[in-house]
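Paired with chain B in one complex and with chain C in the other, chain A is shared by the two complexes that follow.
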Partner chain A sequence: MLQSIVSYGLAVGAVYALIGITYNVMFSASRVFSFTAGMLGMLGGVLGALFINKLGMNAVLAFLLVLAAGAVLGVITEILTVRPVLKSIEQHLYVLSTLAFALMIQQVVAIYWGTEAQPFPVLVPIDPNSALSIIDQKIWLPVLACIVTIVGLELLYRRTLIGRAFLAIAEDSYAARALGLPETQLRIASYAIAGMIGVLAGFTGAQMLLAYFGNQAILNFYGFVPVALGGMGSNRGAVVGGLALGLFQQAANFLVGGIFASVAVFAVFIVVLLLRPEGLAGAAAARRV
Partner chain B sequence: MPVSRRQVLAGSAVSAAALASGFPAPAIAQNEPIKIGYLPALTGPSSSTGVGINRGTQLAVELVNKEGGIKGRKIELISRDTQSDPTKAVNAVAELTQRAKASMIWGPLNSGEALAATPLIARDKVPMLHPCWVDSLIDVKKYPMSFRIAPTNTQVGKGANHYVVNVLKLKKVAVISDTTGYGTDSVNTYVPMLKAMGAEVVYTNHIDAANPDLKPELLRMQSAGAQAIMPWSVNAGFLSRICNTRGAMNWDVPIVGQTTLGSGQTKALLEKPEYWNKVYSNNFRNCCYIGGKLPPRAAEFVERLKKDKVEFGDTLLWWVALGWDGAMMMAETFKNAGTKNDDIVAYMNKVKGWPGIYGTVTWTPEQHNGFPDQEVVMCEVNSLKDGAFNIAPGYSS
Partner chain C sequence: MTDATSPISTAKAPAGWLGRLEGSWSWIALGLVGLLLPLLDDSYFGVIAQRAYIYWILSAGLNLVVGYAGQIAIGWVAMLTLGAYTTAALAAGRVGGVEWHPYLALIAGGAMGAVFGVIVGLPALRLRTFYFAMTTLGFATIVTQVALAWKDVTGGGVGTPGPVFLWPFEPGWGFYYFCFLLAALATWITANIGSSRYGRALVAIRDAEVAAEASGIAKPKLLILVFLLAGGLGGIAGGLFSSLQSYITPDAFTFEMSVLFFIGILIGGRGSILGPALGTIILTVLPEFAAPLVQWSTFLYAALLLVIVLVIPGGIADLLDYKNRRPLEQHREIVPRPELLSRVLGAKGEPSAIRLANIALHFGGVRAIDGLDLEIRSGEVHGLIGPNGSGKTTTLNVISGYYRPKTGSLKLDGADLPFDKPHARAGYRIARTFQTPRLVGAASVLANVMIGGTVRGDGTFVESMLSLPRHHNDEKQLKVAALKALATVGLESLADVRADRLQHSELRFMEIARALMLRPAFMLLDEPAAGLSAEEIRRLGALIKAISREGTGVLLVEHHADLIFDICDRVTVLNLGKTLAAGTPAEIRSHREVVSAYLGA
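And now, the complex of A and B:
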């Protein structure tokens, strides 16, 4: 039982963490909470299955194309749904614009792909008798993707000039602009990166979650929980929150089961937010006086 | 010349008297096609059933018209695709009953749309025939002109319960569902039925269909001593996960349940083909292979389909047969009772043992559910050939 809780919990938690990071990367660059994160996760699975199962591409080429599609969708999200509402961000119009865009894409997927879950292929051919097959790849693949993503982002933000520019925009966009940083281009780049991370979550988690249009709503919600738990904008917090959510959800599956597992997750989520509204890793906002 | 109100009233009275006394209708009406308002879901998420039923319906109508129609009158199917959307079905009802003046309505073919459309068709007093399973769709007091040519959900559950308890002789059963209305209603209805049959329901639960790992659920069923799993859901992802988890656990209890267990979508999601072994889904005796052969009526029907080069390898025989039966039943009704609403209902109220391809139909004034219990059977889902399955092991031939 413990092995199943840990393995499945970490795998699902890694997918949630990646969606949480997707939310964060978009939020840091624009202060906009884009509800397209779940859509990107859903598309990672659907596009992967489309390219590999239906069009017969090999897994590597399909993976690269899925990443490219994620980047393009990220850019489209920024141009169509975020940029027009930035001037009146305090009115939270982005909730409508990003959600509407995500729902539109989901309907297109439902019409052309179908509303039934479809299979996602095994990506890495492993001999079932080899030592590597001890842990199923649907378990380790999303965990590996999560590790690579968080390490990559840390290196990008801490070790590169462009990464520091991203941080500067996230910290204070007015000051960064005053210093001559190209805010718009950096925001577009952030959305492209977020798009790639979102589809990566869906692509690596699709052996477990299947290629299914309905994953959008699930990922949108369960991906939001780690952000709320870990603190908005904190990628490390999202990873910790995502993995904790996955483990807790799987433990609840074993201990209470059925719909009560979801109830348990929501109950803990509400309790944590009541106790620490700024999230586990977030700092309480100072009030101007 | 001006026409006075008195003259108009007098004319109307004469016309009404002529109609009441059986004055011959104008010749043009006798040659007009007989209109059937038809509400299939040909697109959208619930369309696979509609597409299959439509194939049989179109074929039957073509045949009737080719052979001269009903006393010289052709049948005209006025088809409106509901797109699997109850709102569209409701909009189409008004058009078919009020503007097109359909003599009868065939459909909607899905319960969700039928639940919305049936009260409106009943309000417009147009006879209605449908193949939907939700029990509440037939009520002779509320909907006296509505008839069902398929089993009810209760009959479907009864068929599965009978197979587990009386044919497989298993007494400890796990009954689960997804969290949809259909799933939860099914569990709530079928569990008391199982208990009444003497079975012990050792585990029951409603599970989120999106849950990627069902191992905890199956472990609980196993430790409760379940000898059979009965899942009630139309979600292929959920059902395939049950099969996959059972296979990965090397647990060989039978899985017995709804028709989606045997669908192509469920098959596509299996991790190994052998995970479909010992899985039995609802089906219908007249459309199953029994001892390697179809029953005579269905065999003859399949020969006809092959001769007419009708493709049915991509659909299910019982869907096509159901469409055929629906259209043939209406054609026979028009032939024997004409097209007046009350005459149609009076005729259908007396149908007894009508030998359809899909099933044998009997209606009475008190009972508009026409499908016999004994024709609801289970089949082996891994035996699909030419749109039909083998009857599950254990039934007498």
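And now, the complex of A and C:
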């Protein structure tokens, strides 16, 4: 039992962490928390199942197409729902615009894909007798995706010039603009990256979570909890928070049942927000007078 | 105080048709339609109308949260779910084996909604509204999960029967009138709150939070009351909903409903009661006439939400606001009447003083203030000047409680003033204005000024909710006082105008009027002359001086040296967070370092 708690916990946690990173990448570029994060996760599963199961594509092509779709959706999110309300960011209209867009997509999925959870194909053909199949791929795929994403982002942000430009925008967009950085293009690029990370989470996690339109709401919330725990904008915090959330949830599921697990996660979320609104590892922000 | 020779004219602008629409006639018409609908004896219409009433009961409360307080509660459907399951489960005896009387179960459903309204709202008390949006969304997700999983109580996916109410509100038209009456009640109490000082305070929290704090509005306390009310109404609506549905499953409570509630309010316009009520009714009734579109209704609601947010964030009420389209007089002059001050400020109090001793405050490595001593005495104007970044506004923020200094003491007549509680300053009658005017743009100038007097009312939230005598008394007195304050600063002719239509200089005077509402013992003015013409500065100077002569201690942060030397009794010059010089204007004028460092020439 301990084994399944740990393995499932890490796998679900990795998906949560990736959705958390999706939130973070969009937030860093625009100071906007976009409710499209959960939608991207949901679509990763649904589009993957659509391409492979329904259209008969091979897994690699499907994966690339899903990533492309994520990038496109990320760009649309930026143009349609974020940029128009950036000027009045204090009014938090982005909450409504991004949520509205996510709901529209979700409803299209519900109508054309259906509201039943559908199975997701096995992605990597592995001989069931080989040593590689000791751990199920539905466990290690999301964990691997999470590792690749975090390492990739670290390299991007720390080692490349364009990555430093992303950081500059995140730190102080005004000053970055004054230095001549193309803020709008960088923001679009960030949303495209976020779109790919979001669908990656859904695609790699879908053997476990299935291709299900209802994953949107679940991922929207459980993907944000790691952000709240780890501090806004902190990707490492999101990974630690995501894995902790996954493990806690699975342990509670196995030991005391699902009702308690949901309620406990929600309670922890509220308590952390109240006691450490800047996240367990974050620093407090100054107030505006 | 007698008003026999009142020089204050109540400027009454003729209301446009929308102004009349907001009046009672439209409510009476709606009420008559509701009362007489059973005469049609069409149970189909009856059910649609009942659903509209039930949705409105929830939305009426949510309207205070969303439309007034500006908190984005996107998952409020959870309160409906909670109330529905609580009522249904208790009435069916699924908890503890005792079948509750349906009316008692309904009350329990309301109580459940109220409690969880506050729990879900807790993050909103301290944090940016996004977190609140997320907690309500998360709560809605979790409530559905629990409803599915907790089979003993909720019946899980199979569901549970809703309660059947007994005489006099038995199923059919009896229940119809029950929903109708409760909807009317919800309308009445939320409208009462909306038009009370609590309603104005909510709007102030939404649009000008810092000014709300400075006026003594305690955001957490007020929001808790509103969440209690909105959650309770949501729970009651849920209980009624479970009875109307006669059988409830988790599928009955889709997130789509939350979007419906939300759009109803947004379409109707923020800060209105009638608009959201009409919006809710229309959105409930509309799908009934568009059956082929039912599948796409969620999509269309979401698309509508996106359009509203991007195109008309103010709602339709803003589009129809013809009253505020009429051009204002072009060449307006602000003519303050300091002679009215004695009636605004009341009797002079005992002389008192605010003393800052050795205050130091660092932001990171920057020493914003570095060992400052300052004394503000009643009846004097104390000027605080210095170059940009010398710590003037920071000093003001320390006095008004926004910043906690690292060392030093801040005392009012020998007693410590608490830090980190800016809203508590109003209780000490310390008022302030802001470098950038903070206002509720969508509210009238009069309402903006009345916000300044929020702490002066006696009536409780419940008294306002039920429109009891003390509430009326508060409203009357606040209005009279606000008109007096406006006349004093010379803006009474603009009392009914939307505040965001005023010129910059007028806003500066409006902020002073708002500060006067506290009958301040001390008044902190942050660059009140910035952006004013020379003539306006002269009038402002005379007004400030007159305020101090009524016994109020004034701290004046300014860049206009002429104004400072004209009206100040004492001046402190700051440089790099330290006192460069302090003394009478004459002493400062001849201070060698000040002249070379700051005044120039």
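Heads up, the rule we're going with is that the second predicted complex is superposed on the first by the 286 of 289 C-alpha atoms of A that agree within 3 Å, B and C clash if a C-alpha of one lies under 4 Å from a C-alpha of the other, contacts with A are read in each partner's own complex, and residues count from 1 in each chain.
Assume a contact is a pair of C-beta atoms (placed from the backbone, for glycine too) under 8 Å apart; a residue touches a chain by one contact, two chains touch by 3 or more.
Not measured: the values here are computed from a predicted model.
Once the complexes are laid over each other on chain A, chain B and chain C cannot both fit and instead clash.
With both structures placed on the common chain, the touch criterion links A:Phe254 to chain B but leaves chain C unconnected. Applying the stated contact rule after C-alpha superposition, one finds that A:Pro128 touches neither chain B nor chain C.
Applying the stated contact rule after C-alpha superposition, one finds that A:Thr81 touches chain C and leaves chain B untouched. Using the contact criterion defined above for the overlaid structures, shared-chain residue A:Pro119 touches chain B, although it does not reach chain C. Chain A is touched at more residues by one of its partners, and among chain B and chain C that partner is C. In the superposed model, A:Val12 makes contact with chain B only, not with chain C. Look at A:Ser262: by the touch rule set out above, it reaches both chain B and chain C. In the superposed pair of complexes, A:Gly180 makes contact with neither chain B nor chain C.
By the touch criterion defined above, A:Asn215 lies against chain B but remains apart from chain C after alignment on the C-alpha atoms of chain A. Shared interface residues of chain A, touching chain B in one complex and chain C in the other, are 110, 218, 257-259, 262.
Residue ranges of chain A in contact with chain C, taken from their complex: 33, 35, 80-81, 84-85, 88, 91-93, 95-97, 99-101, 103-104, 107-108, 110-111, 217-218, 220-221, 224-225, 228, 257-259, 262-263, 265-266, 269-270, 273-274, 277, 286-289. Taken together, the chain C residues at the contact with chain A in this complex read 70, 72, 74, 119-120, 122-123, 126-131, 133-135, 137-142, 145-146, 149-150, 210, 255-256, 259, 262, 266, 295-296, 298-299, 301-303, 305-306, 309-310, 313, 363, 393, 397, 402, 434.
Here chain A touches chain B in the complex through residues 1, 4, 8, 12, 110, 114-119, 208-210, 212, 214-215, 218, 250, 253-254, 257-259, 261-262, going by the rule given at the top. Listed in rising order, the residues of chain B touching chain A in the complex are 45, 179, 205-208, 210-213, 215-217, 219-220, 235-237, 240, 265, 268-269.
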